[in-house]
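Have a look at the structure below, then the notes.
Chain naming follows the written order as A, B, C and D, and within any one chain the residues start at number 1.
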Amino acid sequence: MSQAGQWTATVMARRDTGDYAVVTLSAGTDTSTARPGQFVSVKVAGPDSALLLRRAMWIGEATASGREGGTIEVVADLREPGGAWLAAQPQSARVDVIGPLGRPFSLPRDPTTCLLIGFETATAALVKLAEDLVSRGCRVRFLLLGQNVAYGALTARRFSSEIMDSSGRITSPRDATLSQLDDSVEVVYSAGTTEQLQPVGQILMGKGVAHQAAVETPLVCGSRTCTLCALPVRGRDGVTRMVRACTEGPVFQGDFVRWDDLGTVPGDCLGASEEIR
Amino acid sequence: MSQAGQWTATVMARRDTGDYAVVTLSAGTDTSTARPGQFVSVKVAGPDSALLLRRAMWIGEATASGREGGTIEVVADLREPGGAWLAAQPQSARVDVIGPLGRPFSLPRDPTTCLLIGFETATAALVKLAEDLVSRGCRVRFLLLGQNVAYGALTARRFSSEIMDSSGRITSPRDATLSQLDDSVEVVYSAGTTEQLQPVGQILMGKGVAHQAAVETPLVCGSRTCTLCALPVRGRDGVTRMVRACTEGPVFQGDFVRWDDLGTVPGDCLGASEEIR
Amino acid sequence: MTEDVVLAGQRFANRVFAAAGCAGTGRELPAQANLAGLGAVITRSITPEARAGLAAPRIAETPSGLINALGLPGPGIEGFLADELPWLVDHGAAVIVSIAAEQAADYARLAQRLRQVEGVIAVEINLSNPVTESGRLPAAMDAGLAGGIVHAVRRNTAAGTPVFAKLSGDTTDIVSVARACVGAGADGVSLINAVRGMGIDAATGKPALGAWTGGLSGPAIKPIALRAVWEVHAALPDLPIIASGGVRTGTDAAEMMMAGASAVSVGTALLSDPTAGIRVREELAGIAARREGGLQGLLGCAHQEVTA
Amino acid sequence: MTEDVVLAGQRFANRVFAAAGCAGTGRELPAQANLAGLGAVITRSITPEARAGLAAPRIAETPSGLINALGLPGPGIEGFLADELPWLVDHGAAVIVSIAAEQAADYARLAQRLRQVEGVIAVEINLSNPVTESGRLPAAMDAGLAGGIVHAVRRNTAAGTPVFAKLSGDTTDIVSVARACVGAGADGVSLINAVRGMGIDAATGKPALGAWTGGLSGPAIKPIALRAVWEVHAALPDLPIIASGGVRTGTDAAEMMMAGASAVSVGTALLSDPTAGIRVREELAGIAARREGGLQGLLGCAHQEVTA
């Protein structure tokens, strides 16, 4: 599973956590090579379905081998038609999966203190990350935001005693982020939808802390074909381009994302014309 | 279940016979009042399905009471998307059903010899009929046509020793029908699609044998709303009308159906204009 | 929250109607369908004379849709008035009569015949029927033809009875057709009729419908209906719109209202679920109750967000 | 059975193509997609200058369909020729270049630039882009505009390179637009582009797409595409038609051919399954092999049955 491919997964198990279900898929091969921040793209319905498109899912826990080769866990939102379909598949149902996809998080060369910020299901993207960071001697601190972070919280507790979750205590993602940013934090890792990450990205911009953001955007083909996942990102050359989250992301350096301009094509973007809002 | 209604059935069991599956549905109420020749209309998919329409299914065996009230059996064609969906439902799945629908077969007042001709899944429509006929002292003879008549054959063997099935021996439905028509036969009951019954209806026309035909036609609403099920039938007044199979049928007197003109609106039909093919 | 609404001077108990041809003439529906609980029942299109309809097959299923070519079967206006309308009225339905003919003069005669008939609260003009004036193009495809028919119907309809023109979503420019209808006296528009489509049966190599081509309806066309409602509401914001095209849930109905519809009608969904109309009405009321501004607040709100 | 076919003088290895914009420029696809195994790859529409595209969201799912409003993002013709085309050619793809612009003169310039470029076996004119001449109506909606652009492109394209005009299924009269294109020199037509549609997000009360309206594609529109193919083939039986609109299986492809298409292109299906093109090709060949007359025998056969 180290290279992206299309494979048939088998549903091994499902357990529910709030509005989400954790679904274990067996891959038939070694899945431990999937890197933190990568995702799979799941065909969420059969031939008679009115749902045409695949759904992206963060890779949570991944094991090297189980009863049927390696397994991965994904966290499916039961309130969405795609997630509900996946969760409803009985044990040993077969599911068409493409992955692992996308550029993963990069890890710091030297041990340091990292703040991991996760929203809702996207906390799943932090699970392998925390494991890898801790195994490199990093200290990890967690900020878990949203109603349904139980899956991420489980990992958090394994790797960190510094966990803040949002059960009622937090006024805004912005304030919560600020409250966790003391001098020891050198790297922030975040994961969530573009809307969720916007205030986090904005507050961190120019703060001198490295920020890597794993973004959920509308994502259709997962293979650089459709350009439907594009968001405005500044390049090292200073030029803003509409960049595909599925292949150049989903992990971006936070300081390069045009957080204020998400959902638009900024006027100074390469190829933008004035007519575009 | 004696009056048409909309109810939620529970899938009790499935057993396969060739390209068909026999599905047992529990109705929660007494189902023994369903009459031979009636059918149910089954919603064959969930909210995310691309299949919008209900599927009609003949009522096969119907029991007065089982573990969860009465049950009915339907025979679902696995090669069709609707039948395949129904058959794929796991035990205790819930299915939306409307029925029993349609005008049933009428039974002869006096004991007589009856020929029952069934095609494919439509043989299911003959199951309760045979039982009722035999209990009234009639003699029943079976002609089972098609690849998959196992369900009907089971019943046939219970009620008759005169069974002819089509496994390779029969040249045409027309010849087969003729071969079974000796002087003792006073009533013919047939069940099948309009295409299947056409040669049977044509050959019996004017032969002086009573013929009741239960026809499968495209059938959408099942409730006289959409007129999509209409076929040309001559009335007692001699006037041909486009008549709705779902409510004025599915059982018709064979001599009144315009067998030669199926699929058309005959020029002498009430309301036909010359422009209509 | 009140569910009732006044459209073009006529009061309706609520905003969810049965679309033309999809509740039949009503009598066929099981009791659960509860016609009296709908804002209105739009009849199938009534023609001058009785019609047998087109050859079979009249229908085929398509992905999330349905194509049909019925050919407007029915008893004709006299049969309808004698038999079907009284039954609908007796059962408490608020009846909008849909009319269809092959030339403007016949539309006018139908309207004339409906004048003063007890229980007809509005007239809907089905403009998707081919008309002889055009070489058999549906009038809804041509602003001039459509306007001419609307004019003829409006002139022959009682002043207090609103006239709705039912348009097509697959015309090049629906706004210009809508403008022509309003100019000719239409009090509102119904958007959209089934979209021209076709099926081929690959097994036989023949067209799936006896009439070859037919109308595509159901959830498949909802995006087309939303676009039509959006465009017409943007151009003519005060015009009452009755939206149809794939409405199956209260959410679908809310989307139509947000795009600019004053009322919605449920068509294809009624064929597989006779209670769909009542369910949509309840779900829509629930959605409106959870937002500020109630049902009226939904109307066209997607435009406000965009222009703000 | 041979799968190859000559359309407008150009030989294609088989009749199943990748539709414009749905195989990207090719390089993005996993190896399984096997571009060289398709009859042709139609590129996304190439514009005179680089374009960033429209604001997000650019897509929404609909029942059995997809609405998108991308705004033709891409590197522009020079970037395409420098970078993307060579890659496609290297990987064995037979490339049809789709072009789009806002006025006839720019279409002409694009055609001129493609002249003599190695590896371009045909040009497809995307006429669904709004053009400035019309007050921003897509040219495909107007026979005159469409003909003007086709004429400009044909004049500037090498004689041996066929030009296909890509039309819309939601225009009032597609046959008259097709006739105008043929009159202006089109060697064939591609039917149909995505249908104008819209989504509303009921949760937010806003349009689902950043650009408000967009193109509806996928199985939902297959009946509309079949109708368009049927009508154009009936009117212009010798005109090569490349059909697209909801093709997902070999059966869908066979239906398109029966209605009158010479080739089919697979669009939306490629987005969720990059191997869909090859699978459709194999399934179509299988269907043809089980019938007399092979693939060519499928072409327009539904008309023969009807007129016989």
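Things to note:
The criterion applied here is as follows: contacts are C-beta pairs under 8 Å (C-beta built on N, C-alpha and C of every residue); 3 or more make two chains touch, one makes a residue touch a chain.
This structure is a prediction, so every number in the text was calculated from the model and none was measured.
Common neighbours of chain A and chain C under the contact definition above: B, D. The chain pair with more C-beta contacts between its two chains, of A-D and B-D, is A-D.
For chain D, the chain whose average C-alpha position is most distant is B.
Inter-chain spacing, taken between the CA centroids of chain A and chain B, is 55 Å. Per-chain CA centroids place chain A at a distance of 35 Å from chain D.
Inter-chain spacing, taken between the CA centroids of chain C and chain D, is 33 Å.
Distance between chain centres (mean CA atoms), chain B to chain D: 45 Å. The multi-chain contact residues of chain A, meaning those touching 2 or more other chains, are 50-51. The multi-chain contact residues of chain C, meaning those touching 2 or more other chains, are 63-65, 218-219. If each chain is drawn as a node and touching chains are joined, the picture has every node linked to every other. Within the complex, the chain B residues that touch chain D are 50. On the side of chain C, the complex with chain A involves touching residues 63-64, 219. Chain D contributes residues 21-24, 27-30, 32, 49-59, 61, 63-66, 68, 70-71, 73-76, 210, 218-219, 268, 270-275 to its touches with chain A in the complex.
Taken in their complex, chain A has these residues touching chain B: 45, 48-51, 81, 85, 90. Those residues of chain B lying in contact with chain C across their complex are 4-6, 43, 50-54, 96, 98, 217-218, 220-221, 223-228, 230-231, 241-242, 247, 262-265, 269-273, 276-277.
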